[in-house]
Structure formats: C-alpha cells, structure tokens
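Consider the two complexes below, in which subunit A is the common component and subunit B and subunit C are the respective partners.
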Partner chain A sequence: MDPYDASDLTPRQSASSRLKDYFIGATPLQKRLESVRKQATFVSTPPRKKIPQCSQLQEDVDPQKVAFLLHKQWTLYSLTPLYKFSYTNLKEYSRLLSAFITAEKQKGLAVEVGEDFNIKVIFSTLLGMKGTQKDSEAFLVQILSKSQPPSENTEGKVLWTGWFCCIFGDSLLETVSEDFTCLPLFLANGAESNTAIIGTWFQRTFDCYFSPLSINAFNLSWMAAMWTACKMDHYMATTEFLWSVPCSPQSLDISYAIHPEDAKALWDSVHKTPGEVTQEEVDLFMDCLYSHFHRHFKIHLSATRLVRVSTSVASAHTDGKIKILCHKYLIGVLAYLTELAIFQIE
Partner chain B sequence: MSARKRVNSEAQRRTSQGRLSDQIKEKPSYSESILKHGQNNPEEDSEHAEVLQIALRYFEKGPIKTLQSKGKTMEEHLKTVENVAWKNGLAPEKIDILLNVALSGKFGNSINTRILKCLIPATVISGDSVVKAVSWLCVGKCSGSTKVLFFRWLVAMFDFVNEKDQVNSLYGFFFASLQDDALCPYVCHLLYLLTKKENVKPFRVRKLLDLQTKMGMQSHLQALLSLYKFFAPTLISVSLPVRKKIYFKNSENLWQMALIAVRQRNMGPSPVSLKLILGSAKVRPVNRKRNSYSVIPLPNSSNYVRECGKKEMSISDCLSNNGSFPVEQLQSFHQLLENIHCLELPCQMGSVLNSSLLLHYINCVRNESVLLRFYHWLSLTLQEECVWYKVNNSEFGKEFTSLLDSIIRAQCFLQEGFYACEAFLYKSLPFWDGLCCRSQFLQLVSWIPFSNFCELKPLLFDHLAHLFFTSTIYFKCSVLQSLKELLQNWLLCLSTDIHMKPVLNSPLETTLGGSMNSVSKLIHYVGWLSTNAVRLESNSTFLLHFILDFYEKVCDIYINHNLPLVVLLPPGVFYPALFSLDSSILNQLCYIMHRYRKNLTAAKKNYLIQKQGKSQFNFSNKTYQEFNHYLTSMFGCLWLSKPHQKSFYHGIIDIDPQILEEAGIAEYKNSLSLMQHPALFSYAVAFLLQVQPEARIIKLSFIQGKKWSWYLDYLFSQGLQGLKLFIRSNIHHSSTP
Partner chain C sequence: MKLRPERVTCPSAPPKGKASGRFENPARSARVTVRPAARMSVLRPLDKLPELNTATILLVSTEDALLQQLADSMLREDCASQLNVHLARSLPLPSSVTRPRIDLIVFVVNLHSKYSLQNVEESLCHVDASFFLGKVCFLATGAGQESHCSIHHNTVVTLARTYRSPLLFCDLKVENFRVTMAQRLVRMLQVCAGHTPGVSALSLVSLLQSPESPSLEDL
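For the complex of A and B:
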C-alpha cells in the first residue's frame, strides 16, 4: 500500500525540522519527551526495585541534622527543577525570604529587606544527603521565631521546616541543562499557610512548580513490601496497615496490625530474588495478608482502598504524608520518594 | 529620541495604570464638542490672540494700584485667558508666563486658582516652565492650597511635559515635599510617574518606610512603595492584595475634558482605541471569584535571580541602571524590537502564555532554558488543573477550559504545538471521557508537533480510535475535523522545512522519506477510521462531508505543499460517496478526483523530467492503477453506459445480471448516469421542466444531442463546480455519450 518508493531516497534530502533542531534535536527537552513516551508506553511492565540497603549516607552528614529529620511528619511535594539556584547565595535568600514572609503576613505594608523581623529564616545545606555524586546537594529551610528578648542565648522556636532533596535522580538530571538544580522532592513540616507563602517565593524566584505528591495504593503496597524486607536490629513499631471503606455517612477504616517479625517471616516466604523486589512478590505478599484477613473476618480487603502503611522503617499515608523512623534506611526511603516525585513531574 | 519615547510611553503606561480602575468613560460627545470649538475661523483667531496678549501682559505686570477699575479689568482679562485656554489651549510660552504669575503670589489666592485651572496646553508644556514653577514653590510665596493645586495640575498634565529629564532632576525636591501632609498624596502620584530605577536609593526607601509607619497604610504610599520594590526587590518587600487597584485619587478630574481634547490634538484621531490595542495584553479577567488566583502568572522581571546570581552583591550594583529592559514595561512590538537584546525575561516563564509579544520573543530566542522552564510550568499546570483528575470537577471546569483556550490561542499564534501539551495528551487521553472540554481537547490533538506516527499511535491514536467508534456522529465529525487540521499543520511544518538546509543531523528520523512515511500513515489511519465510520453511521451525508473535507487536503499535497506524497481515498469512502443521494457529496468527490488527477499528472511530469538526472521520488504504479480504476468507475457510472461496461458493474456490484433482470431492473446500466443518478435526478427533472414548460409527460431520454450539453451547462450553473472541473478536465468537447 505504500504509495511511493522509499528505496529511491537519497540521504541529501534529509529534512531536518526547524522544530527538531531546536526543540527535539539532542536537547534536554527531546530527552524529556522521549522519557515521557517511554513512561506512557511501558506503564504496565512489572518493575523491579532494589531492597533499600543499609545507610548510604556519607560520613560528613551532620548526625544532629539527620536526627532532626526523623520522627517528624512531612508533607510531600514534587518540585520541578529550580532555575538559577545557587548554593553560594543561601545567606541572601534568607534575607529576601524573611522580608517576603513578613510582607506577606502584613499585606500592604512594605518592609525593608534586611530589617530586624520577629522571624528568622535559615537556609542550610544537608551535606552528604544524596544518592550519587551527581545528585544536587539537599538543603533545609527553617523559620524560627525570634525569642524575646533577643539577648538571651536560646534558639528561637521553630515555626516551619522544609527541605529539598534528590536521591538517585539521574533520570531527571539528564533532561535539564546546567542552569537548573534538580531537587524534585520537597518535604514540609509546619503550618500550611507558611508552606504556601514559601512556595510562592520559590516559584517566583526560581520559576519552579510545587505540586502535592500523593501516594496511591499501588505504591503504598510497594512501600509495605520494601520496608518489610529491610533487616532491622530491633523493631520500633508494629507493622500496621489501614484500609478505608467508602461508605456513608462516614467512611469505615479497617486497621490491620501485625507483629513486625511475623510480617518479615511472611515476606521471606514469598521473596525469591535476592536483593530485589518484584511486582509478583509484592502482589503475593499483599494477597497473603488479604486471604489471612478474609479467613478470620470474611472481608475482602482487596475491594477496599489501602490508605496508610506503617512499619519500623517509616510510615506513609496516601495523602502524601510520611514519617521516617529508621536512620539506617533514610536514604532508601527517600530514593523511592524521589522516584515518585520524578514520575509526577515528567 | 528613542530614550525619551520610552520614558514617554512608560509614563503613559503608569498613568493609565493608575487610572485603570477608575474606568473613566471617555464620552465621545465631550471631546467632539471641544474639537468643534477648536475649529474657529482664522480672523477670529487673530483677534483672540491680540486680546490674549494684552491679558497676559496685564498679568505679567502685576496688580495695578488704582483700585476702581482693577476688579473689572482683571475679571475681563481672566475671562479672555479662560476662554482661549478651554477652546484651543495655550502655547508653551504662555503657560510659562501664567505659571509664573500664579505661583509668584502677585495676586490673591482665588485668582491664582483660576489661572492654574485654565492652564491647558495647546500641545505640550516645556520642562523649563515646570522647573521655574518649582523654584517659585521654594520661595514660599504661594499658599498651601495653591501648591496642592499645582501638584494636581502637574500630575494631570504630566504626559504633556516635554523634557521629563529636567523634571526628573528635581526628584530630590519632590521627594522632600512628601513631608507635607497635604501635598503627600499628590507628590506620591507625581513620584510614581517620575521614578526611574536610578532614583531608588536606600535612604529614600528608608524614608518612605518611616512615612509608612507614621501615616499607616495609605494607598498612594503603597503604590510608590510597590514601584520601589519593582526597581529594587533586594531592598524592599511588599505584597499588595491582588484585587486592590485604586492607588491614587483622581488628580486630573478638574481637567478631564480638556485632557481628552489635548490628547486628540496631539495624537490624531481615536487615541482611545489605540490605547486599547496596546493595553490588551494586560487585560485580566475581572470576574474571577474571590480567593481564586489566576492560573497563568503575570509577567514580572526576574530581578531576584539576576541580582542574587552575582557573586558580590553591592547596593550600587543593584541600583545601577545596567540597561536591561524590564518585561513589565513591554507594551508594543516596536519596544520589543528596540530592546530585544536586553529584555529581561519574566521570573515565571508561564506568563508568556498571555502575552503575544513575549511569545514572539521566546519563539525567536530559542533559548533552551527558556523552553525548559516553560515546559515544566505548562506540563505541571495542565496536570494540576486537569478536570478529570479532580474529585468535584464542576467548579474547576471553567478555569480549565479557559486555560486550554489560552494555550490554543498561543499555539495558533506561534503556529506550532507545545511539547508539554503533547506529553499531557499522552497522560490524559486514556482517561478522557470524550465530553469534557471536547473542542479544546481536540484542538490540542490538532497541534501535536510533527513526529513519527508509529510512536504516536499506541500513545494517542489508538485511544482516540476507541473513543471515535463508541461516540456519536458529531464526535466523529469533530475528530475528523481536528485530524484534518493536524494533517495540515504537519504538512505546513514539513513543507517549510524541506527547503531549509539541515544544519545538524538530529537523532530522529529526519529523512524526507521517513517524514512522508509518517504522514502517509496518518492518512491511512484516518482512512481506516472513515471507512468504518461510514458503515457504522450508514453512509451519513453529514459524516461524508467531513471525510471528504479531509481528502480535499490529502489530494492536493503534491501541488500545494510540494511534498512527494499522493495517497488515494479508500474504496470504503469512494463508493459510498459516488453512490450518495446528496449532490454536494458527489460534487465534492468529483472535485477531489479532479485534484488527484492534477497532482498525479504533475508528479509524473516532474518524474519524467528528472529521470535523466538523479532519480527523484517516484510514486508506485499501484497508485496510478488504483486511480485509473476509480476514474473508470466514475465514468462508467456517470457518463458511459455502453455494453463493455457490463464488466465494470460486475466489478463493483457483485450481482448476477440475470437476477437484476428478473427483478425487473433491466435498465440498471444507465441508472447512475448524470441524468438518472439519484443525486442528480432532481436536476434532470427541473431541467426538463424548464426547457419544456408545456409538456405533460417528461422523458429523460429527451436529453440527447444538443440538449445533452445544455443539460451539462444547466448542472454547472447550479453550483456543481466540482463536477464541471471533473468533466472538463477528463472529457474533450466533442464527446457525448
């Protein structure tokens, strides 16, 4: 049916599209589009993931800062690459952001940049918080209330904390040019109004885009499997699942708690490929839990929606809230969250 | 010259911004009446001029001590000045004189007020006059109310002051006048109009902030502060409510009518409409709900990034005018051309979507970072706003539709699709219900950038086919329409590129053969959709129109776009169109066949010419054979009904002729001729009634010989142009059936 003879083509007739030269070509945008296509095409192929290894944190990580990140509930956001962000200007950013927040809080009243406000903004890097050398350095933003009177040597109360990180984000890095800093995962703790103000400042200053990162049931069961698979010296919490049954007037929640060692034993029985987790194993693991529950309560959990998973490693809620408990697997948890964030922004 | 122009237009922008909210309805009747007054006859004018001269001299000399006649004379002179001023305006030197008089305190307060009120320029006001006037303020001879009036006058007339640089040199003086509580609002307004980047100094920022603490939140101070923030974001931060727009009390309402007249004198006709054109980029939806923010950001310069990017920050660095042109001030294409080398990009690239000027700009700079920033913003915004990802989507529907509309406008403007939209389609098409934002969504489809069809098919076109087959005929027609537009966009993109010498070898398939292959696959895909749709909708005329519209594009690719591709329409479309009951379908088919013939002939000719040289593209013989087969079919039906056509009928109607004869359809051979074709039968009858008005019985067999060509002319006169072209190009004059 081919209406014309392609074999007669001569190479000199290559029509390189104007669009392609600039848009596609070998440019980051082209790579970006290619990866979106791949993602859209192969969404159904079963992925394989590594079981989070022990801490890959480098030695120069400040243990105090890491401790500060643990045991706190963080709200997750995905973030597009920051344009013209510079690690050398963190001090300046602190000044500008604190003036911005003050101005936003008292709408209409102008404030001088660098003036003494009753809040203090601190930008600081989280050295070593990365998966590979190529990953951008993570950094932390804190808003402190100034203690009154200021002469006292006590640190102010922390009003809001947020941090930006990228763990094994190579796939994103390939699709941007060097003007950008890739920190696709943003975690915030504090009043939502503050998050909104700070988000606005970042969006205006670095032309980036924040969007809430929710975790669907599919990814929650992956987390459940991967975190159960982690070797722990001692378990800090029980393994707990929360399912939600949509019914009126109020939705019904089903909580399912297992002793962490039992969960580990169950996992070990379904786990075959060493060091890796496959989709079949995740499905099997969850199916076992379902059938066990069904045997006792005659309820098909597979017909409900998984909304929360808590283990000794971390706990995650479908609304995009996470609490990391285990120092050892911090990087592993963040790597998976980075992956989800990158998936969302692509 | 150009610098002044810029200042001028900038000032105009600011004044108009200040006034925007006040929504002055410039009533045409006012200006007309004033203009009419201006057209006096020359004798009267010269007489007036003399009287005015005397009046001015009188004022210049100052009040005469003889008290008796003083009141009366002065009243007369004032009247003269007022009359001339309101009719024609005053020349710059006259304004100069009168300003001196009013501010020198020679006369009483009420006189000064009257003089100031009638200081209406004929065209412009010289900067010198303003400087002189300000120097009078320092002497302290005029009262507070005169000062206030002077500032109001200066704000109102600011656009007409000629040497604004001179006025700007008095910036420090004006700034000091902020201390005066009565003057403060008007001085603020004046400073708002006057401030340039180099005027913004840290000590002034501090002074303004002090004033703010003293006076509290005042809208005029807010306006000036926000302008300072715009010029020096690293010194000051302020956030104003989005909805708040009224910054200044209207200073110019005293002179409102006069201003209109002066503007018309200066700018020629219809300055109002001119302003609208320039300002149209800034028009924002007013009716947005409270608390809801516009999805598309406003263009703001990226001052933070630029200034923070510097290694060593110094305040003088911040404030030095480094010659860049802030995006907020971009109002006209002319400005874009003048400042294209130093245009500061907006801090949020998404804002280009609403500005045609910025779209021009990003289209020609082709900066990778710019495109990436835009891509990130657009793809995330689409994802966030997309209605069918939201739970209660009814309230967001409108916003999403308007977002899509802006995107489509921008794409049409650039004549090119955005990659972010393509990526969005990949993700969202599988979840689309085919109803929500249908027209917008299908338009996005028609702007998919050209690429390999095989790659696109599983991502987009397979999903689209599912929706196509399961939806109503109207949906089918809209899909066909947007696919026609897609084809057209691809063809335009390819035909412009084919003449450009490739600079780089891009990794994608970029050979012309590859591109043509992709286009032909798209056409075959639409052919497949059409064939099935015709069956599903039982040969609907409505649907056939849309299908044939598509093929009208297809048949002319070789000639119209100079691309080596001819794809014929599939039999599943050709025969239903040929046997259609609707004459317009038959007519359209004839036109398409006529164009196919032209294209194929042209292709063959070119091929034969270039055969000696390096071989060009050659259409396979199969295309020609297929075309000839279609052509003979058509002629067999419409023109000839000769015995050898028996085989033709066997070709398409697989019925034993004996069965047809038994069924009493003996005359089937002629039943699709130009006279008896169901689509044309009514024409034949109408024609016969016209030529034989008295006949009781009409016989189609009457159309013979000479009458046959009359009949053809009759058909052609009924608007069947396609049929005419088809028959004229295929049949020589002499032949009749």
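For the complex of A and C:
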C-alpha cells in the first residue's frame, strides 16, 4: 500500500465531528464496501457523498460583518491553489492591481473627456469564513470608484466585489505543498469585464487558473434537499424549482413553487437518519415532487433538466450563480460549493 | 409555461419501487414486482428456436430518436448474418406480435434524464435471470456533458455491476462515436447469436468484466 493511502486513513478517522463518509448505495453492506474500496484503491471517480446537516456547522460568523455577502447574486468560479500568496502583502497587491486595472482600461482607448478612471482596489481579509482551522483565511477584493472631489471623505461606490474562500477544503490541502494557498472557491459580483481583468491579474501573479463553476442537475437536487432540511424560524421565500425541457424549436421552462413549510414537512417524512443526508433520501424527496407533478399534469419532470433551485436558505442556478439569503447557513452552503469547486479542480 | 400548485401534500406512501431495493440482485427484485400472468411477457433467451443465419438485437430506451439513429447505424454495418433490430420504449413487450428469438438486449440510459434510468430499472424486472449470462448490455449516453447530468455515473456503474453485465459509455449524438458503438454492438450480437466460432456470450462477458476489488466479490 503506498504511503498516500496509509496517511489517508487517519484524517478520515479523526474527522468524527464532521460525520463525512463516502458510499454509493443505501444498504449498510454497500456503504462498508465503498469505504473499504476507497481506502484500498485511489478512486478515480468521485463517490457519492453524504453531507452533514447544516445545523452542525459552525455559527460563529458575525452577522453584521457578512451581511453584505447575503442577498447578492454571485457568479462562481473554481480556482487552483495560489502560488506564493501572502496575507501580509495585501496593501502591495491592492496597489499593483489598481495600477493594472487602470492600465487595462486605458489600453487601446482614445482619450475620453469626462471618463473617470480613478478607481481604488481594496484587499481585505474576511474573518471567520472558514470551516476548520486548517482552511486558509478568506479574503475580499473590492473595486471602488474614487469620489470626486477628493475632499469628501466618503468611500466611493463599490463597483465590483469578489471574494476567495475555502470551507472544509481538507482534501485539497493535503495534496499541496507549503508555498501554495488553497482557496478553491471564488465568488464575483459586478461587471463581467472587471472579473476578466482581475482574473488575468491573479493568473499572472500567482500562477493559478480560474474556471467557471457550473452546477449540474444532480448537485442542484442535493442542494434542494439539504436546504429544505435546514430548520428555519421564519421562511422568507417560497421554495421554487425551475426545469428546462429540451424540445425544439425553443426550450420550455417549467416552474414549480411550493410553500416552504410543505416542503419541510415532505422532507421530514422522507428523512430517516438524523444528522446526515443520504443519496436515497434526496432521490425519494425529488421523486415525490415528480410524482405529484405527474399526477396533476401528466408530465415526467424526471425527463427534464433541473436548472434552478430557490429556497429560503439560498438559490442556485445551473450556470454557476448563487444567492445566499440566510446568514445562519452561510458556511454550510459555502462548504458544499467548495466541495464542488475542489472536484472540478481535481 | 408557469404552473403553480399552491400546496404539496405529503404522499402517504413513497412511490412504489422507486427507492426501496433498487439495486438488489435480480432474483430479489423479481420477487418484489408482481409477475405478469402471460409467459410471453417475460423475455427468456432460449424459449424459441433460432432462425438460420439471423441475429436479433433489442434496444430498450425512452430516447426514441437516439435509438432510431443507433439502429440505422447498425443496419449499415457489414455483417455476414442477417440483422434484426427491434426497438422498444420499455418492457414488457406486447405479446400480440411474433418476433424471433432475441439474442442481445441493450438498455440505453441517458444520463441527462432520470426518467430513462427509472424506465430501465422497471424494464429489468421483465427479463429472465438467464438472460444476464452475457446477453444483456447497458449503454450510457450523455456522460460527456457533465453540466447536464442528472444521474451520477456511479449509479449506472452500480447497476451494471449488480446485473453482472458490461457497461458501455458512448455519446450517441455524435456521429462518429455512434458508428463505432454500432460496430461494437454488431460484433457483440454476432457472438451472442453464436455466429462466431469459439466464442460464446458467457466467455465474452467474462472478458469484458472490469477488475473488481476482492471485497465486492462477497456481494
């Protein structure tokens, strides 16, 4: 057995607080077989997962500090580890990045009167946005427009926001060396052109690679089940699903809205094992919705593609757009997204 | 089209056969579903006499367009035997039609559609256990477009392993891949019909088995 597999055993056994296990089927025999197989061979295909329930995750994030992260639509990217990134040089990075952005925006443009290129870039760390102590600290990049005249001491409008984080990224941290900082999840809000420029700068400076993170229907159904399972005192939004029917000439969209308390009641009747969510429960939850729809409308939703899931906790679109609505489950949502990002990198 | 049912009532019982015991061994799932009364409804490999120099393949899937294209590609192949390609959406087949003995059944699953997987699982109950000695094959399409997948590919891998049958992956929408897969299926069909001397369906399937870890042999 090569040394990688031997060391792989101990973190798994010691992560008892996370209740993370890998298995394919629902029967105990298949669960055991799959965990044995994962330890014995280096599995090239990712096994299906069982995710801890949201309530078990840390809730020590200060609501005020992260309030600006909620209720905004973020575009997701996965990011390979950054080479020689240092948290002490953040001011230096701000300076370099603002110079780069100004240069990029002025490149190839004729001099325009009245166009304001005075922008300021701020790098800052986000405290508390991590799953375990080993996770790298999350940091935030903001592009602000400098207000004119400079005598006003207001900050200026935020043009673009992007932040990098890593929640429970243990599987990636184990494989990289000391010089690399692992922040596999990147979320951006703002103009696409700014995202492209910032992406180019990071790629040149830290030798990393951005790729857009898309969420397939399988993962969206997992998110729907996990977020419906979250206990909420007050439901802000209805639970809504959107399916895209592949038909010509134009694709048809089917939208299905459920009262959130009904969805929770359905989930509770399906959910058997406390503290974990299994593949079978997710499938059963979705099958109940599909069969109910079929009974009324004679349409097989299982033959269509799930494109968007929207709950009171968060809403996700298959193109990689996410909006988080509840600060209590912020870490839980980000943990799952980090897992998807890591899977895409590997 | 926006459809908004206001409330969803919890079904009193889970949908039958959908979650419980999906991947148990074929003998057990045969006991779970009600056996159809007519003997013709269950496909048996040896209940008819073979016809001279004829090989028959049955393609089962909800994806009609893909099946049609695959059938056309297969019929264009050069083959010493006469090929019959039968297409079906699901089993059981209607017993009103007389058909020759079926030599190979291919279940096609589209990874973009859970419905196709459910349909295949339900159809598998109508196949006699002795068919699975090399005369059944699974074909999964759509694995290339990861963002469109509703089914994890491990699901079909487990399904194929449970039924001890080979699993092939192919993007049936791409012409070249479809032609290659058609060639492969024609060669497999010839072996299953017994037209290839020295190779039988059972020996072929034992060659196609992926190496399994020793712990899975206990299953």
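In this section, the second predicted complex is superposed on the first by the 271 of 346 C-alpha atoms of A that agree within 3 Å, B and C clash if a C-alpha of one lies under 4 Å from a C-alpha of the other, contacts with A are read in each partner's own complex, and residues count from 1 in each chain.
In this section, contacts are C-beta pairs under 8 Å (C-beta built on N, C-alpha and C of every residue); 3 or more make two chains touch, one makes a residue touch a chain.
Bear in mind that the values here come from a model prediction, so they are computed numbers and not experimental data.
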Contacts of A:M236 with subunit B and subunit C, given as first, second, both or neither: neither
Partner chain in contact with A:A191 - subunit B first, subunit C second, else both or neither: neither
First (subunit B), second (subunit C), both or neither touched by A:Q203: first
Subunit B versus subunit C as contact partner of A:A67, first or second or both or neither: neither
Touched partner set for A:I258, first subunit B, second subunit C, both or neither: second
Contacts of A:S269 with subunit B and subunit C, given as first, second, both or neither: second
Which superposed partner A:L289 touches (first subunit B, second subunit C, both, neither): second
Subunit B versus subunit C, judged by how many residues of subunit A each one touches: B
Subunit B and subunit C footprints on subunit A, overlapping residues: 24-25, 29-30, 33, 36-37, 40-41
Complex contacts: residues of subunit B adjacent to subunit A: 205-206, 208-209, 212, 217, 222, 225-226, 228-229, 233-241, 244, 297, 300, 302, 304-305, 308-309, 311, 313, 347-349, 366, 368-369, 371-373, 375-377, 379-381, 383-384, 416, 419, 422-423, 426-427, 449-451, 455, 458-459, 493-494, 496-498, 500, 502-508, 510-513, 515-517, 520, 524, 564-568, 614-620, 622-623
Residue ranges of subunit A in contact with subunit B within the complex: 1-6, 8-11, 13-30, 32-33, 36-37, 40-41, 80-81, 83-84, 86, 88-89, 92-93, 96, 99-100, 102-104, 107-113, 176-177, 179-180, 203-209, 211, 344-346
For the subunit C and subunit A complex, residues of the former touching the latter: 1-11, 14-15, 18-19, 23, 62, 112-116, 118, 146-155, 157-158, 213, 215-216, 218-219
Residues of subunit A that touch subunit C when the two form their complex: 24-25, 29-30, 33, 36-37, 40-41, 45, 47-48, 214-218, 221, 246, 252-259, 262-263, 265-266, 269-270, 280, 283-284, 286-293, 296-297, 300, 302-306, 318
